[in-house]
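Structures given as structure tokens follow.
Each of the next two complexes has chain A plus one more chain, namely chain B in the first and chain C in the second.
Our next item is the complex of A and B:
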């Protein structure tokens, strides 16, 4: 049984192909302006890696912002549902899932069976999302992936005057002009991000184990700052890339559909 | 503000839109269908309202009449008073003053125009009013500040201490437009002789203010006629409320809006009574036939909104409720605290209710004060000394009484009054066994969050909590 999950996000699009519950291949790409273009690129890319074609896929489920515009999927499912499902696959002991995507942040609580029982999403604001980090990295002239490593070397993190993305960016530029070490600015950025997310996590209530999904889960600086702020340990996902959680969840749902279940 | 918006008065355009809409069914069905093609946006409002039959048509007629009164007030020799939905307009009608209810007009614009009140919201900021204020007043007051509405004579509110964001909008308008301004205050207690005395004196001062600025004396007989009509309206609403308890509810989802809008627009006037009577007739037929108010004929769940609705263009909230087969158990706007409404008796809240007493001018003033101090925001959200947990108690009581499956709050930090407390409210309603959804959205400004995003998150909540 071969299933596919596709997650067309605001910043990146992800696709996975799974066979009997195991990942055959996956892909993460920058999203295009049109969701169907992103979906086409992602599915073709992931199929190419496996040598399979679309007709080999028994069922495909889509998620993410552009899910309703993906022409080749059998069904669409919300990001919240897919991320919870994917997180459960990635870490079966997870009860609290923090997902920081490109333009939103969600926290989901799962019960012992892995069913989602509660969720909360951020209000409309870029701070507390992947986009915030992307803007800051650009302002600093570093790669997004470097932020975590840089902040680990910080001795004296700066405090950003505001968690608003635009104002924070102005602060970052100001700090750069004042020759503040780049490591301290990076740590300040990650702390600002973590404090926004921590408020959301605390409001829903934390239950162990806690894991993080989404691209920001790969930023060790944010993860460690979140751990410090919340006073908890966030278990690292090792089974696969945490950014794939939504696509994995979608593929899991595709499997449920094939088995005659309702999603 | 865009130049074209200054070409015509906004309230004149709104009046024309509603007046034309109310007449749409006067011709043949074919003519009606053909006309809808020419109102691609507004038809999203007109169609679902007209589908309600006579109550819908009467509701549109009433809305048009309200706007007509504002637009033609000057040539007909009436003064106009900008006021709030928390203020029962009966006293204005008794004194031949045309009320201009900011929030209800904002709802009309939000329903009707694709951009809603966006330009006028922004104009308020241009004029110097804070962008963090409540959008329900800002949407309409912006138009009056910009000088693209009928002439305003007076500004009257009763929200200081209840909702200061609301009160600030009126204070700003008064200062900007240089218009006489009166604010009724609320005493710290809801009940008791001390409060009654406070209200009486305050009301007398209001009446004096109105007399001074209109040059007309309050005629007790006119006030009595308004209060008699209001009593009639309260009786009808009490009957509708009683019927809303039936499972499945025979009350169509949009009736809740009709009830509160009618009261906000024409409390104490026959225009309101006509709409209510028509609704009562239809709902009674539904109840007699055991027919649900939902168009599909099936009630999946029942929802109670513990604050206000969402007024995105085309009645999208109500259309979603219809589509998802959710019976609407109302919100705090539709709940009145007359002594005869079911929830007052059911929960032994007689001491918190008002009664209509037209025996003397003092008793009529007491009645008006009683009504005003129990208007939606004032009664439920304020939390006076003698009822500090009013919002929670009211919400739980109403949710239980109407056998609701889910409680929904709709709002943003723009509503300081409720946003500041809603998480604790949700904590307690959840603890009481009611799944409670905090719907983050600005009911009057889709730019904060689109209705589509709001709806998607709400439906996800229902799914996750296995409510639907």
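Our next item is the complex of A and C:
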């Protein structure tokens, strides 16, 4: 049984192909302006890696912001449900899932069976999302992937005056102009991000184990700052790339559909 | 149905134009705590002011500032653009602090923009508690309103007229209660969008016409086929007169089968006692009305009535929405969520802006996820 899951997000698109519950291949690429273009690129890219073609896929489920615009999927499912499902696959002991995506941040609570029982998302503001980090990295002239490593070397993190993305960016520029070490600015950015996310996590309540999915889960600076702010340990996902959680969840749902289940 | 939708899709609808063309006068009011029976008894057309159709809030932002509920800002925007110039009067209440500020902001805007302040401009104080002394105070305030209307419009509001208006308005409440029982049945004959249009129309039409339309509609709906197989949602929280918000929920497979909104079921949940002295009966009905969190110390009763409605309407999940910066509903929604979830009733909180519906993608994502959660919910036999 071969299934595919495709997650068309605002910043990146992800696709996975699974066979009998195991990942055959996966892909993460920058999203195009049109969701169907991203979906085509992602599915073709992931198929190419396996040597399979679309007709070999028994069922495909789509998720993410562009889910309703993907022509080749059998069913669409919200990214909240898919991230919860994918997180459970990545870490079966997870009960609280923090997902930081390109333009939103979600916290999901799972019951002992792995079913999502509660969720909360950020309100309409880019701070606390991947876009926040992207804007800050650009303002600093570093790669997004460098932020975690940079902040780990910080001795004296700055405090950003505002968690508003535009104002925080102005703050970052100000700190750069004042020759503040780049490591301290990076740490300040990650702390600001963590404090926004911590508010959401606290309001839904924490249950162990806690894990993080989404691209920001790969930023060790945000993860450690969040652990410190919340006084908890966030268990690192090792089974596969945490950024794939939505696509994995979608592929899991595709399997459920094939088995005659209702999703 | 089209007549209801038409009546609520424009501010100055054809019934108002017709009324005005015959020399009638229209008085707006901003809150469901205004006993509009009094306006009817004065021979005026009571019109519930909405912020519907405001395309932006540049005027509203100028006078209110940015960090305040967008409902009164949209109202002021429309006023500033001259969209309420058909009003001969306006009654503003301290429904909440944001709405109270509409009074001063509208007056201030009137100093800068000519012709937007109606000739009759009345601040109607409504206490936040229901006690013997607030009832006394509210009675005096109501009499002050009656005197002001008499004096400005040359009316002569008397007990006989008031009693007649009370009977007419109670008839509306009886009809809407029948409408509600259709709405909350297992297979309601209309959607939540249609339900909102029907209830809203009652705030924008002469009651005589509205009652006749409602009777006709109810007769049609009695034998209409029902809608089944959708997740039944109760919509709770801040004022909503936007059909589009309900459309998003229902477009994702939900059915808004009940609400507790002030442009919804709050309007008809209690009748006015027809056997008491009219002013006393009116003030008692309006001030004892506890469904808005503006009324202090009544959370437990509000929770109770919510739970009763959830049970009687067989609700699958509750959407607790609030307009950004709405302190009253924002905080009470948190309590509702805590207490309802504790009893196994799924809830989702949703913060939004009033006005042109934006960020619908994000809203739809949350609603989809909530409906997916409800779809999986195991209902005990």
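Note that the second predicted complex is superposed on the first by the 263 of 263 C-alpha atoms of A that agree within 3 Å, B and C clash if a C-alpha of one lies under 4 Å from a C-alpha of the other, contacts with A are read in each partner's own complex, and residues count from 1 in each chain.
Following the convention adopted for this analysis, a contact is a pair of C-beta atoms (placed from the backbone, for glycine too) under 8 Å apart; a residue touches a chain by one contact, two chains touch by 3 or more.
Only a predicted model underlies this, so the values are computations on that prediction, with no experimental measurement involved.
After superposition onto chain A, the modelled positions of chain B and chain C overlap sterically.
Put chain B and chain C next to each other and count what each touches on chain A; the higher total goes to C. Of the two partner chains placed by superposition, chain B and chain C are both touched by A:123.
Contact with neither chain B nor chain C is seen for A:107 once the two complexes are overlaid on the shared chain. When both complexes are overlaid on chain A, the residue A:81 reaches chain B and chain C alike.
Of the residues of chain A, those at positions 78, 80-81, 116-119, 121, 123-124 touch chain B in one of the two structures and chain C in the other. The touching residues of chain A, when paired with chain C in their complex, are 65, 77-81, 104, 115-121, 123-124, 262-263. Residues 412-413, 423, 440, 448-449, 456-457, 460-461, 463-465 of chain B are the ones touching chain A in the complex. Across the complex, chain A is touched by residues 324, 341, 349, 351, 358-359, 361-362, 365-366, 368-369, 372-373, 375-376 of chain C. Those residues of chain A lying in contact with chain B across their complex are 78, 80-81, 116-119, 121, 123-124, 203.
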